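Please find the structures below.
Two complexes come next, and they have one chain in common, chain A, joined by chain B in the first and chain C in the second.
Right after this comes the complex of A and B.
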């Protein structure tokens, strides 16, 4: 008897979970159409592209290193800091607060970029 | 040059046009390392690629050593898929020198990604070199993720601060500097206050006639600041060396040989044993240059220095691996 109650609760929880997952996906799709929640910065030829990127709060920015030399993504104000990224490696950071976030490559400090969060 | 340009496109295996990766240049900057001979306080550097053109007399001095640089062990991109092989070729070149150098100087970027096995491989390959003593300074690729902690543990046991040190050989004072840490956004290489203070103190009591050899990874002169090829506070370091009659500065980082004389100071950069980089401003960015495999060794090298006591010269010469 206890077992079937437990199973029932489990199924119920699982049901909610699936429902929630479905809702989440719908929300994501809807919001993706209205505003991007993810953005990408490509690292190549010793530069960040785009060097200046404007996103809305909550956006996750992913840097991907397409260069044949390793680079890093380090916030000038110490908000975020990646490990060294070899070719094709990625680093992501979610910007929850509005503001301007300058960053650079700590190996090649002439490489600079900026994320503007609105 | 017109014919050469045609060749350049023929050898562009990736079909990516004449961008920096497909960019090929005359081999004027050839040389992987240098045989340095100090004669009477002045350092002469001979590129190992052209060492056969140097007379035995010119290679003799009070002191000689070889500078190698930028091994980038672990790099495996098309610019050179076999960096271990080209380092081994450099060692063979060193072992074949008629005037045996006393030691090796490695001016940084030993590894490509600061991985322990990359340092291990370089150490293993250099064990086959006749000179058994190797002096290192770190490149920015050797201090990734840990601010140089691993580098210090491996090579910096007798050093100060972040790994700087000095030593004397046959009356020549050598100073190894670290300018690849705490780099600031938009900036160049940095020595920092603590290291500069140490250096001022280090040279204070030396006689003005003492030949000085300074070695560091990033050039201590402004080669091309647009690509970060320079050191913010190097002028301060050089100011401490004004009183000396013979000062030689040896650097790596830019993967090509360059020389410049400024007053009492002679500046040299050594080529890489791994892959060449374009001449300043001659490409979009300073990334690895892809050259045809059969030409690669001619653009990689070692530097050899020889010193003769009593007279007044220090010569750095670069030679390529071919």
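Right after this comes the complex of A and C.
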């Protein structure tokens, strides 16, 4: 009887242990994903794609110029500003605060985009 | 933007460069055509037409160069240029100098009544035409005439 109670408690503890370990792994994974959240905007054929992107706070957005022509990424509200990006060059910015961030290419002001941070 | 909104058009920063550049290009090319015709027909009036075209073309390079430099300083905050932008700047400066040179050669010949226009000017004008064409090609590429920009 005592042995079966002991075995039961041991199995229960083992079960809790495994469950906790699994939860811990999930928490760790979730936290890692939150920290490394990224998004990409492709610049091609004189346009930003996607032109409107919704991300969560803390996300790092990377713009990559896939066009044959130099472009820039400039925030309308002067929050961020890239150098001239030649073909295949990148620019990244981490959005820590919620809000709407319109931007444009200063060489081609008709090229516009928007980042919505939630 | 309203098409007749003058204030908005004037404040559109580097947009003027793209508009103004057409004047020296057209005037210079017309001047070259007159000069070649003058050489072929030996008519002084055509050489005079070339002179006046070169003169106004040279003058109109001033606002073009100024607005180009302002676009660089305002839109790109004077950052170090590379690639197509740098090529456009160098070739544009060379174009302006060659247009002025073509006018100076004509101006010197006109000052002396007995002087004859030197034949080498035509070679300079051909080279200048090629440099102007290349600068314009790069400028058009940059401004996005082939794209949706």
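Definition applied: the second predicted complex is superposed on the first by the 82 of 118 C-alpha atoms of A that agree within 3 Å, B and C clash if a C-alpha of one lies under 4 Å from a C-alpha of the other, contacts with A are read in each partner's own complex, and residues count from 1 in each chain.
We take it that a residue touches a chain if its C-beta (ideal position, glycine included) is under 8 Å from a C-beta of that chain, and two chains touch if they have at least 3 such contacts.
Here the structure is a predicted model, which means the values were calculated and not measured.
Mind checking chain B and chain C on superposed chain A, clash or fit?
Clash.
Once the structures are superposed on A, label A:76 by its partner contacts, choosing first (chain B), second (chain C), both or neither.
first
Between chain B (first) and chain C (second), which, if any, makes contact with A:53: first, second, both or neither?
After superposing on A, A:53 lies clear of both chain B and chain C.
Is A:45 touching the first partner chain B, the second partner chain C, both, or neither of them?
After superposing on A, A:45 lies in contact with both chain B and chain C.
Considering only touches as defined above, state whether A:108 meets chain B (first), chain C (second), both or neither.
The answer is both, since A:108 touches chain B and chain C.
Which partner, once the models are overlaid, touches more of chain A's residues, chain C or chain B?
Of chain B and chain C, the partner in contact with more residues of chain A is B.
For A:85, is the partner it touches chain B (first), chain C (second), both, or none of the two (neither)?
Once the two structures are laid over each other on A, A:85 reaches no partner at all.
Which chain A residues lie in the overlap of the chain B contact set and the chain C contact set?
On chain A, the overlap between the chain B and chain C contacts is residues 45-47, 67, 69-70, 72, 83-84, 86, 106-110.
Hey, which residues of chain A end up touching chain B in the complex?
45-47, 67-70, 72, 74, 76, 83-84, 86-87, 102-104, 106-110, 112
Sort out for me which residues of chain C touch chain A in the complex.
Against chain A, the touching part of chain C is residues 12, 75-76, 79, 81-85, 141-144, 147-149.
Which residues of chain A touch chain C in their complex?
My answer: residues 45-47, 67, 69-70, 72, 83-84, 86, 105-111.
Where on chain B is chain A touching in the complex?
It is residues 19-21, 77-79, 112-114, 140-141, 144-145, 183-188, 226-228, 284-288 of chain B that touch chain A.
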